[in-house]
Every structure is written in structure tokens, then in C-alpha cells.
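One chain, chain A, links the two complexes that follow: it is found with chain B in the first and with chain C in the second.
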Partner chain A sequence: MSSIPGSAAAIDGRHPALRVRDLEVSFATEGGILRAADRVSFDLNPGRTLGLVGESGCGKSVTALALLRLVPPPGRIVGGEILFDGVNLAKVKENRLDKVRGRRIAMIFQEPMTALNPVLTVGDQIAEVLRVHFDTAKADAWSAAVDMLARVGIPDAPARAKSYPHQLSGGMRQRAMIAMALICRPDVLIADEPTTALDVTVQAQIIDLMLQLQQDMGTAILFISHDLGVISEIADEVMVMYAGRVIERSPAESLFGAPLHPYTIGLMETLPRLDGRPGRLPAVPGTVPDLRNLPSGCRYSDRCPLADEACRHRDPDLKPAGVGRFVACLKVAP
Partner chain B sequence: MSGEALLEVRDLSKEFRVGGEGLFARDARRLLAVNDVSFSIEAGEVLALVGESGSGKTTLSRAIAMLEPPTRGSVRFQGQELTGLGRRNLRPVRRRIQLIYQDPYGSLNPRLTVGAIIGEPLAVHGIGSRDERQFRVAQLIQDVGLSPHDLARYPHQFSGGQRQRIAIARALALEPSLIIADEPVSALDVSVRSQVLNLLLDLRRSHGLTYLFVSHDLTVVRHIADRVAVMYLGRIVELAQTNEIFNNPRHPYTRVLLDAVPEVGRGKRRPREKLAGEPPSALEQIPGCAFNPRCWITRAECFHTRPELEPALGDSSHLAACHLRNEGRL
Partner chain C sequence: MSGATASGQSGWALARRRFRRHRLAMASAAVLVILAVLSISAPLVAYLLDLDPAAVDLFNRFQGPSPAHPLGTDELGRDVLVRLLYGGRVSLLVGITAALVASVIGTAVGLLAGYYGGRLDALLMRLTDGIIALPLLPLLIVLAAVDLAKIGVPAAIADSESVSLYRIIIIVALAGWTTVARLVRGAALTLRERDFVDAAHGMGAGALRIMGIHILPNLVSPIIVATTLSVGNIILLESVLSFLGLGIQPPIPSWGNMLTNAQELIWSAPALAFYPGILIFVTVIAFNFLGDGLQDALDPKAMER
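Showing the complex of A and B:
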């Protein structure tokens, strides 16, 4: 199995904050073993954002959860390495992992209500994080929480810190969750569709906020979204997943400027645009594949305009294609 | 614009009482979810209703279909006034106005075959014999790009996009004139979304349909709509031809919405100053223009006089509820 070097590794002479190599996550089901994430490799670098984009069932959320070993059963990590600070998180003992979760690698989700405790004020919850991880004194933790809430743009933070999650708007709740995630100044932030449930104007504000905080704190971000537009506004590098595989990884500019994989090309063409013309849109034929029923060979071969016999027999590996670019397609990188 | 209106909405309002049950009834507050809305749709037209959550776009669409009886105002459909009609008199109207929803998972009965789902409206309205209905259902499933073999299967055996096609086939069964589509492609994967949009456009032509297309997604609206109505806090704040809305918005809120759309090709985001605050609660009473707390071009009258939805200078089909609608490009 070929291991792919991290493309944007050691930018500015710094080391990646997190390296993932050949990560494999499987679900044992009645119908057999489903490979939800198959040989996924990437690096997360300080101060940079890797965008992970794909449609339903592509494995993007499973990949995110796997980084902190949070994949719900019957899913489990069956192969590969998650290297963080010299240890392999895929193998390390649970108590060691607890020192990493939330403190050095934090996570935010689509729906803050599921991550926030409804019976605690947001200030208390954020302060609690500091107290658990650093044993901070109560008063200090509270004032740090209030500072953090102000920093994520919550107006009148000292008063709002005393609010319960349901008393905040969706946008304010998402800001509170970001405050909670960043209070320990983690090296890595995993953001799984953090703006998907928000209105477009609020979404834009949250993206601006995340970019600003990243600049200040140097956090490495894995940003997961189904929305190519959102990814293009936040990511430095982009990874596209399809049916459990990474099918393309490129610096954002080159991916959006000239996508390589026929699937990425199809996705970009089918995207409705503000400056588009009225009327029919180019469409990708077929539907997103079911992991229980994958086509043989390349997983995109049944929808691909370029596919031939070879594509239906061989599942292509991710191979280099130009500077910092990788693609899994026999037609582009045989 | 020519032709006559298929649907004409005048001064429509929908009010909800919030809180204050029973003993506390005096504490109840009124929430004006839809506030004095007027517009019309011509036969064959696609009018998009856009806005963010809480703007009232879904409530308005449900009030038009008489699913939520309007509190005030008038809805005329094919010349007939719908407000005040009893259940029995609404029945024939419901055949001609059909709804499609966002969630193709929740809107199809999981225990019925696809054939039964599509044929149900025909059976309920007692249309045709059994055989005739079967024939019609087989035709409908092909109209939406699926196969008659699919009729014996169940909803869970289909993908999201296919389920939305089934919901569309069911909506078409009664040969409606107006389809109210509430976020019909929002839950679909990107690669499938354009297939369903194209289907809606094709059906409009082949079945002579008119759409009220409710969406939060301006890029989708760009492709499907002839005209666009932008809603903010229960009111239409701008209404114009699609091109005009996108190229020459006259209301600052429309500008904000357009700027906020994340789009490939704009590069990494730079913070924008025009994007301040969040929509206030509909319970709040804001004197003057409801957008004034977030607006960057206000002057004195914006704080005391509510702007009506009025034509812009030089373009009578471009309406905007802004005192500064004629003051140059936003």
C-alpha cells in the first residue's frame, strides 16, 4: 500500500500538527464489512485549513470522528496511523487520549445544541473545560470564559455568559461552541459542517470569525463540508472524498481553478452559480453510491464520462499529479 | 409582463399568538410571521421566495395553500377568492395547488409502495377506475425519470434524489396548475440537486406548471426563477426580475444576502463590513424600516417611516421597500 507524503508538509519550516496515514474505518454490518474510510492520508499544518468535501456517505464525518477515536460502534479503526505529538492516536490508551481530546484537539459540530449542555450556562460550560484540563481556579476560569465569549463576537459577554444555550440564537450558540473548543488553545480544530445549519449571512460571519481566530492562534483546522463554496472560502488545501476514498487532494487554488478528477470536475460544473444563466444546469448522472453496493474497479466508474474497461477493473490509487496535487484516476494519473 | 395572474395575493398577513396559555393568556404576544404581503404570479411563471429562517417565506407559502388560514388579506387563485372557503369548497382547489417539501424522507409514507403513494391522491379524489389510475401512475413515474418497475418498491429503497422525484410525481397526479415547492432541493447532494432542478424546469414546460419556489439558496434561485421576491421579517422587501435582483439589487438586505453566498472562485474570504448583526426576533417592534439596525445607508426617515414596496425610478417592474431605492448602486 503506497503511503502518500503530506503535500503541504512543513510549510514555513514547521512540522505538521497531525499526520494521518492510510487510515481505515470499517463498519461490520449484517450485509458484510463496509469500508467507510479507505486508506485516507493527509497532514494538518499549523495555521492552515484543510477542507474535506464530499457528498453523503463519502466518509468525511467518519474520518473526522476517527481522529479522536469517536467512531460509534459497530464502526472501528482497522488500520492506519494518526500521528500527533509523537504518538499514534489510533493505538494509544484511552486515558492518554483523554489528555488530547478537547485540550489539544478540539471538535465542533453542525448542531451546537447537541454539544452544549442545556442545563448549564454557556459561561459555566466553557469555564468547566479549563477546570478539567488545567485545574484552573473557579474565578479565573469564569473570567477566561467571558473573555473568550467576547473574542468570538458575542456582544455583552459578561451578561451572555450567564445565558443557557436555548436562550441564544443559532449563530450565537455556534460562537459559544467555538469559544468552548478554542478555550484551551488546541493545536488542532476539527470542524464538521459547523455552518451548515446557519443562515447564509450568519454562516459568512462564522467563517470570518474562524479565519480571524486561526490567524491569531495558529490553529490547524480540518474543515468538513458538503458545500464547495464554503470550502473555497476557508480552505488552503482541499481533499475530495467519494464513497470512502480520497479521490483528489490539491491546494485550494489549483483545485478550484483546474480540478483533475472527473468527479470534482462534474461537481464544479453542476454547481448553480450567482452569475449563472437561467435554465438547465449541467448534471452529473446517477446517484451517490451505496457503500454496500459499490461498482467494481473505480468507484466513480458507473457515473464517469471518461470511464473505460480498465476503470471498471482497477480501483486507482491516489497518485501525484503536479505540484502538491494528488488524484486517484487512471485517466489522469495512470 | 403580459397574461393574467394565476395567483394574486393582496395584503396578506398571518399572525401567531406566542406563549401565554390558559391562565396566562393575557401574557400572549402576537407574532406577525407574514405582514401585509402582496404579489401575483402569472401562469407559467416561476416566482422564487427567498429569505433566511424566520423571514416568513414558509408561513406565506402555507397561507397561500390555505394550510395555515391567513389572518387578514386576500388570496385569489384562478379568479377565485380562497380565504373564507370552507373545507368542502377548498377540496377542488387543493387539486390545483400542490406542495413539494424539502425532506423527501419525511414526506413519503414508508409503508406504501411507490405506486400506492403516487396513486393515492387519485384514489382520494375518486379519479378514474382502478385500471385507469394504474395507467396514469405508470405514466407519472416515467414523467419524473423513473421506471414503472419502481412502482412495486418502497421509499427506503430509493436515494434522496429519487425520493424527491417520487414526491414530484405524486404532486403531479392531480394535474395541478400551481406547485408550491418549499426548499425542494435543499436536502439533496450537490451532484443530484441539478438533476432535480432540471426535472422541475422540464415539467414546467411539459405540464404547463407555475411554481412558487421557496428557497434560502440564491444560486439555485438564479437558475430556476423568472422573478424573485426577497423576504425579511415577514415582509417582501424587494421583488423584481431575476436578472435585476442579482445584477442591480435595490434593497440593502438583498445586497447583504448576495454578498454572503459562499461561492467557488471568490477565493479565501475577506471580512465584509456590510455584514453586521443577525435578524432580530419577529416579536420585536422596530419603528421605521425593520432593516435599519443592520443597515449601512440609513437616513432619518428610515428610523420613523416604514418604506412601502414601491417601483424603482425608471423600472416599474422592480419593486423595493427602501427609502433609498433610487439612490444609485448598492
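Showing the complex of A and C:
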């Protein structure tokens, strides 16, 4: 196992809430085996947020779903460990996993409109999570749900709890989704593009809310987004994925100060800047390669401005490159 | 669905409003309520008119309508009105109970097949196909002819008067669950792919909770519609079986066996066939209109119109 040294939180002496080591998820498709997540390793630490960025199809969502073993078939976890509370979630029995899902590790989905049940009131849905895990009486679960809705900033929570999802605005729905995820005070929160479906002002509100709840509860957050701007606002540490592999991992300040991997640099340049010249928005040239038919050597070599012969023959491993930083690039960390 | 019209109202309130606009369904509901109330109060009507549904009066056979017998008397001199009301009790009871039992079985089978998919789905759906392919009427005739005492049913039950009632409810329910099973299975197949089912799974809900709490409430409308529509069919089926002498056994009156009695007298006393016939007709039509109205009112696509 290519072990990755512990990251930021090992420094302040706390144990990570969740350790992922060499996670591999593959899909058996008609066109061959598709490796959606390849040797992915990271730690999630209490009270800290790990941002996961990458283009569509780079394996971020699959990685997130794999943590709770929710990868839809034909996808499956073929290797690696997901260590939580001394147990490997990749191997544990389904009924034990059900005691972790929602209670110790919870998830927020991208589109709250479809992730909420259209025919149940939001109050019922939040109360239901409590009732799945604890023997809470119906009335108690309901009042806990109402309290949680108030806590996520929904005005007039006792009345709003009786609303159906379609009666709430997008921002309110996402707040309800957050209330649902946090009602059992989980140790780990996985947020898969939680702000992507929202407009920008609501995005900022939701991020503030998540940060504030994280402070109160000490939750470890894995925050997935394709939007570097959003990541920069919430993450303490950032992981960049490309074609199923982590190609750079770094504390947020140093990553945004000086990205190392050519792909990360490319991504940063795509961010529109206020001080930039007007004109065409820059883009990373080329597209993500077909995961069933990867280029030999470095996966980014066919799009990379720095690539040479060596890059096309050797697939680089994630190597240390500075304080708490890791990069998988022969040019940066040979 | 457009937020402006939907906001502030639950789907049920909207459905209620749409249903009220459906005149035929409203009228059908009214007719059925009246029929049900009259049938339920049959003993009261009999008491008020001082008539006994079983009282034979051979001196007053085939009487026309009169103050003493509002709809006349039958071939044994029994009061037709009171017997029709008692028959309505049986027909409605059989229709509604059997439809409910069939829906419960069908929902359970459909949910299991649709949610789990794979082999269980294949097994349950082949069973369903098998039952659909069986020629229903001959099968029901055979089942209705089974001597319960010989298959181990206690004599007290097997010989009781109302056994034909339970027997027909069970037989019809056992044959009738397939429609709901297919409906629910199809809907469950698509529902289980929805994000909220994944979300529920991710929140730690087990299979039974997901089926019962997350999928089933989404199926309430189609199940209500299918159940309502099937009540009419079952009443018809009960009439057919009773007409053939295999359903409700005299002296318990049902609309079906009243028709049987009337068939020999169709020339001499056509009214005796007319009354139960028209009641079956009206009830079945009313349940169908009611089902259609509910369908229009509950159909989520109707919200967009």
C-alpha cells in the first residue's frame, strides 16, 4: 500500500474521523472496466473541511458515494480501505453500515428537489432520519425536526416543517436537506455539490451555515464541487482529482497561493478574475480522457503543456512537495 | 408544477378541488353514498316498514308496488325493496372488501418485485402472469365448489350461513390482485431510481423502511384509483358467480342471486329482474366514474394543466 502520510490534523494531535486508503472503485461496462476512482487516499478531520475539486466525470461523486457504499451498480469498490471508528466500511456488513449511514456519516445531495421525497413533508422526512436510528417517539422526533429546521435558519420552522418540498424555495430545500443530514449530529458530513443548484447569494448563505454548524458540532466535512471559488471559501485542505486519481492535495492557502500541478494551474486560470483582461474566458484545452482508454503514463499528459516523453511512459505517484502538500507530477516532484 | 399555483397548498387540497369540478364523479360519489347508507340501514328500513326480508308470504306473491310493499313482492312473497337493500349490503361488502384485500396483496407483491428487482421480480411477475393467464371463470367455479369441510376447515365455519360470503371475498381477492401488483411494480421500478430513495438509503433506512415510508406514499394515488375501479368489476364478478349459483347462497340475498331467481320469471314478473339488474348497473358505472374522477384529480400531470 502506498501510504500517504497523515495530513493537516495529525499536526494538532487529533485523530482523523475518517481515513481512506487506496480506495478503488470500478464499473464493469460493456466497453471494459472503467476505473472511476483509482488509489484515492485522504483523511477527514473533526472540525475541518476537505474540498474535492475536479471536472465532471473525474470521480469526485463516485468517491463520495463509495464512502457510504452507495455506488450504483455496476460500480463497486474493488480495493482499499475506508476506516471509520476502527471498522473498514468497505468490507463491513450492510446492516452494520446502516447504523453508520445518516447517524455517524451523513450526506447532502446536489439537487434537494429530487433528493427530498415529494409526497412527505420536510418535517416528516427529518424526523424519519431520527426514527431510523433511535427509538424516538413520533412527537419527540417531530419537535427535534422543527428545532433543527430553526437551527438551519428556516423562519417560522413549526409551520414550515409541515410544507412539502415543492412549496419551499431552492435555498430552503437545501437548508432542509442540511437539517436532515445533521439531525443525528454525525461525525462526518459528505456534501456532494450542495450549492451547485443554487444561485450565488444563496450559495454564500448555505456555505456560511455549513461553516457555522461545523463550528458548533465539530463535524468533519468532505465538500465536493467543480467550483474552485466555492471550495476556496469553505475548505481547509483541497484535493484535486483528474480522471479518477488525486493529482494534488494541499492546504487551501498554499494551493490557492501557488498551485503545483499543471492541471491545477490550468483550473485556476479558468477562474474569471475582476482584474483580468476582458475577452474570452480561458479553458483547460482538451477533454477528460475516456476512463476505459487512458493514455499511457500520466493521465494528463495529452493535455499538459509541460508533458514530455517521460510523462507518456510513467504514471506519477502522489509525492510530498512542501509542507502538507502532495503532487502527482514528474515535472514538479520527480 | 408551477410554483405559483402550488404554493401554500398540499397536493391533497389541490386534488380535492379538482375532484369537485368533476361533475360525473361527484354525482357518482353521491349515488354510492346514498346506496351505501340505505344498504347499511337496511334493518332500520325493514323495521320502519314492518317487513322481514326472510318472511315468506305465499298468499301475496308477485304483488305490484303498494304502500305495504313499495316495490312489490317476489316469487315467495318477500318484500323486494328490503331484499334489495340487504342484497346491496352483501354486494357492496364483497366488492369493497375483496378490492381492498386484493390491493393489499397486489401492493405487497408489486413493491417487493419492483424494489428488489432481479430474481425475486422475475419470480413474482411470472406468478402474476400465470394468474392472469388462468381462465378466471372456470377457476372460480371450481374454487367455489370446494367443500370446505373436506379441506380441514372447522365444521362450525364451513356450515355457517355466511361462509359463502367469505369464500367469495377470498376467491375474488386471490384472483384480482394482479392488476395492482403490475401497477405498483412498474411504479416502484422507476421510483427506486429516484434520488430521494438513494438519499433515504444514505440516511440509513433499511429496505422495508424505504418501501413503506418512502416509496409507498408515492403510490397512494394510483392504488386508490385502481382499487376504486376494481370494486365495480368485483361486484360484477360476484353477480356472475351468484347468478351461476356459486356465489352468495340463498337465503342471504345478493343482487346476483336475486337475478338468478328472477330469470325464470322474466316474462311473468320482469320487475324482479329489473331492480337488481339496474342496481348492479348503476353501482358498477358509478364506481367506474368515481375511479376516473379520482384518476384525473390525483394524476400529478394534471397539475401542470
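For this structure, a couple of remarks:
Heads up, the rule we're going with is that the second predicted complex is superposed on the first by the 326 of 334 C-alpha atoms of A that agree within 3 Å, B and C clash if a C-alpha of one lies under 4 Å from a C-alpha of the other, contacts with A are read in each partner's own complex, and residues count from 1 in each chain.
Here is the rule we use: a contact is a pair of C-beta atoms (placed from the backbone, for glycine too) under 8 Å apart; a residue touches a chain by one contact, two chains touch by 3 or more.
It should be emphasised that the depicted structure is a prediction, and the values quoted were computed from it without experimental measurement.
Steric overlap between chain B and chain C is absent once the structures are superposed on chain A; the two fit side by side. By the touch criterion defined above, A:D227 lies against chain B but remains apart from chain C after alignment on the C-alpha atoms of chain A.
Using the contact criterion defined above for the overlaid structures, shared-chain residue A:K99 touches chain C, although it does not reach chain B. Contacts of A:H166 after superposition on the shared chain: chain C is touched, whereas chain B is not. Look at A:Q205: by the touch rule set out above, it reaches chain B but stays clear of chain C. Of the two partner chains placed by superposition, only chain C is touched by A:P118; chain B is not. Judged by the touch definition given at the top, the superposed model places A:L182 against neither chain B nor chain C.
The vertex angle at chain A, taken between the C-alpha centres of chain B and chain C once both structures are aligned on chain A, is 80 degrees to the nearest 10. Within the superposed three-chain model, A:V284 lies in touch with chain B and out of touch with chain C [touch as defined at top].
Once you line the two complexes up on chain A, you'll see the smallest CA to CA distance from chain B to chain C is 5 Å. Residues of chain A that touch chain C in their complex: 68, 70, 72, 95, 98-103, 106-107, 109, 111, 114-120, 128-129, 132-133, 164, 166-167, 180-181. Residues 1, 3, 6-8, 10-11, 194-196, 198-206, 209, 213-214, 217-218, 220 of chain C are the ones that touch chain A when the two sit in their complex. Considering their complex, residues 52-53, 159-162, 189-195, 197-198, 201-202, 216-220, 222-226, 242, 246, 256-269, 271-272, 275, 278-279 of chain B touch chain A. Within the complex formed with chain B, the residues of chain A that make contact are 55-56, 169-172, 199-205, 207-208, 211-212, 226-230, 232-236, 252-253, 256, 266-268, 270-285, 287-288, 303.
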